[in-house]
Every structure is written in C-alpha cells, then in structure tokens.
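This is the structure I want to talk about, given as structure tokens.
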Amino acid sequence: MKKTDFIRKFNVNIDMAVEAHEILRGEIGEEVPGVRMTKAEFDHATVTKIDIETDQGVQEMGRPKGSYITIDAPEIRQNDYLVHNEISEVLAQELIDLMKLNDNSSILIVGLGNWNATPDALGPQVIDKTLVTRHLFQLSPDELKGKLRKVSAIAPGVLGITGIETAEVIRGLVEHVKPDWVIAIDALAAGSLERIGTSIQIADTGISPGSGVGNQRVGINEETLGCKVLAIGLPTVVNAAIIAHSCLEGVLDELKTSPSLYKLYKGFSPNALEHILSQALSPYSNNLMVTPKEIDTLIKSAARIIAGALGIALHPGITREEYQTYLQ
Amino acid sequence: MKKTDFIRKFNVNIDMAVEAHEILRGEIGEEVPGVRMTKAEFDHATVTKIDIETDQGVQEMGRPKGSYITIDAPEIRQNDYLVHNEISEVLAQELIDLMKLNDNSSILIVGLGNWNATPDALGPQVIDKTLVTRHLFQLSPDELKGKLRKVSAIAPGVLGITGIETAEVIRGLVEHVKPDWVIAIDALAAGSLERIGTSIQIADTGISPGSGVGNQRVGINEETLGCKVLAIGLPTVVNAAIIAHSCLEGVLDELKTSPSLYKLYKGFSPNALEHILSQALSPYSNNLMVTPKEIDTLIKSAARIIAGALGIALHPGITREEYQTYLQ
Amino acid sequence: MKKTDFIRKFNVNIDMAVEAHEILRGEIGEEVPGVRMTKAEFDHATVTKIDIETDQGVQEMGRPKGSYITIDAPEIRQNDYLVHNEISEVLAQELIDLMKLNDNSSILIVGLGNWNATPDALGPQVIDKTLVTRHLFQLSPDELKGKLRKVSAIAPGVLGITGIETAEVIRGLVEHVKPDWVIAIDALAAGSLERIGTSIQIADTGISPGSGVGNQRVGINEETLGCKVLAIGLPTVVNAAIIAHSCLEGVLDELKTSPSLYKLYKGFSPNALEHILSQALSPYSNNLMVTPKEIDTLIKSAARIIAGALGIALHPGITREEYQTYLQ
Amino acid sequence: MKKTDFIRKFNVNIDMAVEAHEILRGEIGEEVPGVRMTKAEFDHATVTKIDIETDQGVQEMGRPKGSYITIDAPEIRQNDYLVHNEISEVLAQELIDLMKLNDNSSILIVGLGNWNATPDALGPQVIDKTLVTRHLFQLSPDELKGKLRKVSAIAPGVLGITGIETAEVIRGLVEHVKPDWVIAIDALAAGSLERIGTSIQIADTGISPGSGVGNQRVGINEETLGCKVLAIGLPTVVNAAIIAHSCLEGVLDELKTSPSLYKLYKGFSPNALEHILSQALSPYSNNLMVTPKEIDTLIKSAARIIAGALGIALHPGITREEYQTYLQ
C-alpha cells in the first residue's frame, strides 16, 4: 500500500507540508508540479521553503496556496540552551521576513491545544512565556512605539474543555481585538518519528480544518478570521498507525529479497493489510498517539524557543539578552 | 469619618450589596428608600434578598436596579463536606428561581479572575469543576434534552495575562455562542473580615465596572453583552484600608468614654485622618489585600460549592449523588 | 518470535502480572506451575487474583511471591460517574481484605510519576485528591479514632525533576513517618491496548525495579523500605514496540493461510524481524509510548476512582456520600 | 505600645533580622550590643550584613548567632529584566562568599511553602526553575566536574498537604542525599510594607522554628539536619496586625502635637489598645496576611532572580548568558 493511499485510508494527519511533499516526490519520482522548494543552511538548522503556487500544486499537496517553511533543527531535542537561542533567531528571522510588520502592527497570539495533555500543550505553554503588551499601549503609547509592538495572547482551550469550537472563540476575539495578524501555535502530528521535536513549521496559510493533534474542525485562516494568519507548529506525536505501517513496509522490504515471495506479498489484498493494521491498533482506530517518554522536557524547550523567537520578531526594541530574560 | 465617606475617599470596593445596605442603614438610621430587603432561614444558611426598585434606591446604593441575594453560610469555612452540599442546594434553588430556564436554554459560564493569584482564582477554579455539555448537543441533541442543558465555560484570564479587556473577550464569545444567560463567577472584596469565605452573593444585574478583586473596568451585564447576566461572587479579601479604618474607629470608640477627649478627637481634621491612613498603607494605596493564610483551601471549598450548585441548577436530570461526583 | 522472547529482547515492560500470566499460559498451553488464579465477577468489574506461591512460579512469572489482583472494568474509560463509584467500592473492598488495618494503623500514600507528563501523572493526581489526616492526630487523637486513620501523602517527583532516586526519597520519609503501610500509586505500561484505562492492578509485593512508565530503578517494597508495601497501578500507555510486534504477528497470521508461505516466513531470521522492528521505531528504541488522545480525562477519572477507594478503605468512619465529596 | 512589645504580644513574625535590628536600635537609641552591622552599595542594591556575635546579641535579637545578609533592591518590583539579572549577580556573589564550595560540593535546594497559595509559593517556584544535576553525575562524573556541581531540589509541600512536618521530610532526604549544604528558600513575613518584594535575606543559620509565612514549627538548621543550612527568603506579606499597629501609632503621632492630649493617650491602658487591635482583626487573630494585588508577578520575578543566582553561584562553568536561559 502506497503511503499516500495508507494515509488517506486511515485518515492519518500529516501536518507538515515538507513530509507530504517528500512522500509525493518519492512516489511520483519527480518534482511535484506547481510546487517550488528551496533550501538554506544555518549553523544549527536547515530551512526548507515549499511554495504551493498553482491549483495543480494545491490538488497534489492537499493544502492551500502559500508558503510552508520548515526549520529542521535536531538539537531542539538536546538540552543545549545556547543552541536553542540560535534556533530562536533563525525562526525569528523567518517570521520577520514573512510578516513585514510596521510600528503600528498589532498581533494576537493564540496557543491552540489542551493544557491538560502534555503532548498537546505546546500552544498554551508558548502563551505562558509570551510577553503581552497590548494593554500597556493604553497608558503610554508614544513611549513604547518603536520598542514594543501591540501583542495580545490567549490559550482558548479545546472543545472538550469549553464546549465551544476553538475557531469560534478566536473569531470573537479577532472581531474585538482587530489584530493585523493572528499567530496560531499548535502541536503537530508528524509522518515519521524523526520529526518529533526536531522541526518547526511556519505556514502563512494558517491552519486548515482537521489538522493538529487535537484535530481542529474549523479552519483558522484569513478566510474564517478576516485577518492574516500565521501558523507555527512543532510535531510532538506520530499517529500509531504510522508505526504499524512502517512495520508492514519493513516486512515488504525483507520479502523483496526473494522475487517469488515478493510477488506473493504484493498479491495480498489491500483489505488484508487494512485488517492487520486495524487489529494491531484495536480497540482504537486513528486516535492513538506515539510520543517519547521525555515529552515534557521537549515541549518545554520548544515553547521556550518559539516564545523567544516571537519576542525577537515582534518587538523591535528588545535586545537579544533581554528577550531571553522575558521567557520566564 | 463616616464609613461611606471613607469608602468613597479611599476608593475602596465594597462588592456586596448587603454590606453597602448595612452601612447605609446604620448611618441614616432607617430604611433606605427604594430598597426592599427580605430574609429566609435555612439549616445552614440565611438568605437575604435586597431589591433595588427605584431610581432613588439606585442612587443611594450606587448600584443598578435588580435583585442582590446574599447567602450567609459561615460553615463554608469549615471542612464539613456534607454541610457544603446543603449550601450548594440552597444556592442552586436561588439560581433556579432567578433564571427560570427552559429545556433549550443555553448558558455560558465565565470564570473571572487571575488563576495565578490564589485570592483571585475563584472563577477559574469553578470553571475547572464545571460540567461542559454544549458540544455534546451536536452529536445527540434529543437524547440529552430534559437531562442536560447546553453549558459552555471559559476562564478568559485577566488584562495583564492576555492584553485584552476581559469584557471584550466575553463579548466576542457571546456573539458566537449566543447563550441565553451568562453566569460570571468572581472573587469579591468584602467590607469586613467576617464576610471572607462566609457569604455568596448572586446578582441578576451582572457585574458593574470597577468591582471585584481584579477591578473589572468594563461592565459585564445585559447592556454590554446583549443577554441576561447573572453574577455569583464570594468575598476572598478585604482591602487593607478597611483594617486601618477599623483601628481608627476603635480609638474613637475608646475616646468616647471621655467627653472632652472625644470632642478633641472629633476636631481632628479629616486630612489628618487621611494622612494617618495613607501612612499606614504606604507605599501602597488602595491595592493591598488582606486575606487569611488558609485562602487556598477556602477557595477550593467555595469553588466546589458553587460548581455543585451550577450542576444542580443547570442540568435537570442530574441527581444529587451524581453532581457531587462531577466535581472532580 | 514468541511474545515472551520479543518482550525480553526489546526490554519491553509488561507491568501487569495478569498479562504476563496470559502470555505464558498461551505459550505453554497449560497452567503455569506455582501460580494460582481465581476470578470473581461484580456488576461492573471482574476481579482476577493471581497468587505466585512457589519459587518456580517466581521464575516463570519473573515476579516476587505475592498476590496480584486485577480489577477489569472497561467502564473506567466511560464518563458514567455512578459506575465509577461502584468500581471504587470494588477496589476498596480488595484493599480492605488485603491490608487488614486496625484503628491505629498509619499509612503513607506515595504518588509516583511525573506530574508534567500527563500519561505518567496518575500518582500525583491521586495525591491531589487524597484526604490527608496524619497531622490532625496531633491535636485531637481520641476524637478521630475509629473515624479516620493516620494518612500522610506525597508525590515525590521523578529523578529528572529532583536529581534524587524516588526510592531514596521514600526511604527517608518512611524512616521518619514510620507508617505501617506504604501505598504506591503508579501509571503502568500495558502489554496490549485494551488494557489502557480499563484495569487496575493491586500488588502486595510493592514495586519491583524497572517497572512503571517512568522505569523505577530501585524497588519500592518491604525489603527496601522495611514496612509493608502495596502497589496500585493502572495502565496508561503501551510501549510502541508492542504495536509493531502486533503488526508482524498479523502478517504471520495472514501467511498462515498458505502453508508454504508460512514455512518461508517462519524461516525469517530473528535478526531480520528485529531489524524491521528497530527500523519502525527508529530513532527511538524502547522509550516510545502509545497513548490515546483523551489521556487527560482518562487519568482524571482513574485518579478519582483510586482516591475514592482509598477514602473508603482507609477511613472507617467516612460514609459513601462523604467520600465522594472529599474527592475535590 | 513599643513595637517590640506589640510584636511579642500579638505573636507577629518579623522574619528579617535587619528589621528586628532597626526596631531595637530605634528603641534603645544606640548600637545593639553583640551585633555588628556593615553596608555595601551596588548599582541596583544595598547589601546590609548583620552579624550576631555574642550571647547578648542572641538574646536581644531573638535569633541564633550567625550572619544575616539583606539585599535591598526595590527594582525587584519593577519589570526591568536586565536589572533583575544584576540583582541575581549580587545575590550570587554573596552566596559564593558565604558557602565557599569546592568542586565536589553537593547541594540540596528545598523550596518551602505552599504552591497552592500564591503569597507562600516562592520556594516551590524557585525549585521549578532550578537546574538539577545530581543524577547526571552517575553517568559522566568526570565530564561534568568543574562545570557543574551536584544539585538536587525538592518542594516538599506543607503540613496541611502531606500530613508530615516539612522538617521531617527534609531530614529524611538529607540522610540519604548527604548534601554538604541545604539551601532553604521561603517566602517571609515582613515588618513593614516597604519590604514586600524589595529585599532578599540570606541567613547562614538556616530557619528557626516558627518563622516564615507558613510558620515552620520545627527548625531547619545545622542542629536538626546535621549539615550546613543556608536560608534565602523574600518578604511577600505583612501580618495585618502591623497595619493596625501603624494606624494606632499614626494617631499617637498626631496627638503628640498637643502635649496634654499626648499625655492622655499615653495613659490609655495597654489592654484598651490590645482590644482595639483585636477588634479590627476579628474574627481572625494573627493569621491574616496583607499582600499586594500583583503578588503573582512579584513572586515570578523573585523566583527568577533567586534561581538565576543559584545557577551562577552553584555551577562554576555556566556563563552569564547560559544561566538566563536555564530559567525556563
């Protein structure tokens, strides 16, 4: 079963455009039409930018037109704080380039996800570390101008906690706060274990319905909110079905060494493979997460890196030394 | 200095209508015109209802027209859980009588206050213990009807955490959730230490600007939200200025025993008294709270009592045994 | 590869004796010598008691001599609180039968695990809901006797948080508190997905080194602590290797339908299978957890059930109605 | 009533030696015998060292022999993080001078107080931000030597949470961890409002019985623990009785302007004054705290400053830039 077929069949989220792109290219063996990819290398990070430029690209990738930037930085998972600061700066630069803010720009940061479930708590933890300034402008706007920008922040909780669709909560906020940008932070589900805690994705398309660990049902994007939306995500889990699929693929590869066996295996009905996967994941279907034991420290580091980057990118007058101290 | 003068001068919040009423009556020595008071006795609670009925009552009391119900139950401060359950039931009955809900009523519960500051955390703690059901109605509305009502709940945080006026957050929510009632839960500042953790106030007028521990600046009421608003509050602090004032009054009472001394004391310029008070509270002015050491257990008990009452009052099909188990 | 071989090879914890027993019996096709199993049925629970009685039993089961009681109650995962209360009572009765406390018994409850990682937070959450009474006996011992027993409680954190082996922290406590019993609560790793949030295990042998989600390295048992130790656990995760193994077994079952294929598959070198598994779990080895998305509500329910049972079992004078209200 | 008499009469804690010293000197009008005081000025802090050197000093000050260092830094209450870093460095230098650690020194940091009550949560919040390293030395001791020291950390909770005297928990830990130093962090009760959030006290005598917001009953010092103990505290509250006393003193000062009145006032029986104070604080006695509304942000800043100082003082190989990033 091809990974794209498997993903569709088992309704597995692959939140990262860069992974969807890899899978597609692997299967079609050539460039995906309407999609442009560029790379840049930094000391502790590789930045891959995928631009979906045409309707054909949209259809192939199953994602709206826009820029999807992935920062691959495996050292996020290590406890080297000085390296983390460098990753923050790489992320900050991408945000600065994408957002092109001016002195009066107002930004609402939204931490998606469930603070009670560690693998889904990235968004709320970033909010906890965010420097909120919007209310200060009521007192002394002129003094702050050029140093700070108007930042407000909220972690709205998830449907099971509030009884309200998160997108609805945000829509209500946007109508009153009237920000120029919403930045939505979310924990992502990756397509492979290597991605957990090692990549950060920025998308200027916002968040499409049905993505993220908590499976946002309504989109959080310019169409639904009426303002520009940037999504920042970091994979914290992999759907358990992916592990199961990798095992089956592993058997396949092993059987390939004998042509006759391989032929037989290829003859397996897709139904049989589906059945094996379903059995392995029973009594759950596609709501099992695989996550490393040290998920709590990983989330904490990632929240620090992202909140640090937001500090640098959003507030022009904050020095490097200062923004670190804001991350309490 | 008369207490009303003192309160005005030092900008001290007296959140409870029943206290404002007591002070007024004490000073004018008769019924306050346009204000009606009735009392009812229960095993573990006394319920006092104050109705502000005329414009004169509004002016005297400094509060909008409406019903202000106070449940005095000193046993809230003790750890007798069975008595707490009885207090929950008294509160529930008052809510039922006031709200007159029907099967289709939808309620949004808002937990005001700052979860990071224990004396101000009553609202968020009630939300934590609230049974949220609104999202369940999307799946099986008929099954739930008559058993549960549509309840959503949020603790929106305070201005210093979000950068957004709480009333703005709620307004945005109300426009999308379109509830019939908003119930706002808040920690109150009492006018005397005896009230801390012993009284619950219900007001069908919502919350006026400038009240509560956190000093809500914009009102949360029918006028600002466009739906009915019920406020439930429990005093958790007393402004430190009240303690200072009590001391001065104590000296006064002592001096009264000697007519000549009393005359001299009465001759004190109000400025001198103000100066003494200001000195005693320096370098703070009116933002010092007095709160008992056991504030954490008090808030926990109170949150349980209020959340329990909401369970009984809002969901017709929940038995007494069940609602207790919801309070996890 | 036999499951026992696989488990040994991949160093996968199977914390539940009942599962180890099932696997063994499945493989040897008969009763495990030295191990006795009895069952009892209740309305909402099945109780299986496994007694390891001889040295041979110890060797086969890889566990010390003692009683391992499993309460299977799939309704733990549902939100029916009244059923949860019934499960609490079943658990309480088992605790009462095992512990045989007297009026003067003193109990130290220890909540193992990491409060920052939801799947490992069961122990700390039980502690949060535990009624602590030991200090009250200093004031009025006679009044409490026969109603309450001396209960103290602590969540000592994990090695990564404190820098101290948990067993060391507990040993220090036991030397000063001198309890008759230590009850250690921990989240477990199950051998199959069905067990997550549906079984509770009680072991009068305490906790052996190397078990639990957080992999306790030093045992917490009578030998190390010098007092009786009861362990209560509930599975919250499954090692991801188990999922991978199930998939391979699924392929095997499928191939079994053709004798010739089956023969070929059986001929796979164990190394090849190991390689497939390792690849599927790369870059992690045996520290990947599989857990359901709703892990937070599951842990909350389980903590309530266990804390409720402790209330009933440890305090003779607490009524059923009361203990529910203690669970705040 | 003299402040020392009042403090004794009302059983008001004055946790800071510098305050006790001020009051004493004010009353006796000269140097306190057996007590030496020295001062040093820094950019953002004044450091006052009080050495109690003789038995007479011990008796006058009501404190054991030892060094009591107070860092006065009013900017702790402001949100200038760069200044906070400087205050951290001043504190770190005092710790370094006092402790005289060597490469093999092992330190156990204990965060006293109740994490559920914000004004008492300083200790637990410092623990949250502390870099714990002791367990790392089991893996690679040589690599870490000279860079990190062995630090373990715990917030043991308070008597009402665990049922165990905090000093007992710590004693048990010390016997197993065998540290060279225990550093106990605690929120203090100040003798005047100006001290809240503006002073840090270091005492090489540990903590005496009956001090701190939570009123530690058993001492935490070299005598009880068998190792050196350093106490670090910061005032977060003032006993409400202090406010009441200040008011009475204010009236006194006012009356002083008229010699005849003053004489009369001096004639007030101490009983009358006591009665006035008791009335003003009724129904509470000496367990009412006065704390500013912004206590949550104050505690957060203070925890950051103290944890930062511990990072610099305890780990020789951590750079200034690094330790800030550890404070997540």
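Quick notes on this one:
Going in written order, the chains are labelled A, B, C and D, and every chain counts its residues from 1.
Methods note: contacts are C-beta pairs under 8 Å (C-beta built on N, C-alpha and C of every residue); 3 or more make two chains touch, one makes a residue touch a chain.
Just so we're clear, the structure is a prediction, and the values are computed from it rather than from any experiment.
Shared contact partners of subunit A and subunit D comprise B, C. Counted by C-beta pairs in contact, the busier of C-D and B-D is B-D.
If each chain is reduced to the centroid of its CA atoms, subunit C and subunit D end up 42 Å from each other. With centres set at the average Cα position, the gap from subunit B to subunit D is 34 Å.
Each of residues 160, 300 in subunit D touches at least two other chains. Residues of subunit B touching subunit A in their complex: 132-135, 150-154, 156-157, 159-165, 168-169, 171-177. Looking at the complex, you find that subunit C touches subunit A at residues 114, 116-120, 160, 193-194, 213-214, 240, 243-244, 246-248, 250-251, 253-254, 258, 261, 264, 268, 272, 275-277, 279-284, 287-297, 300.
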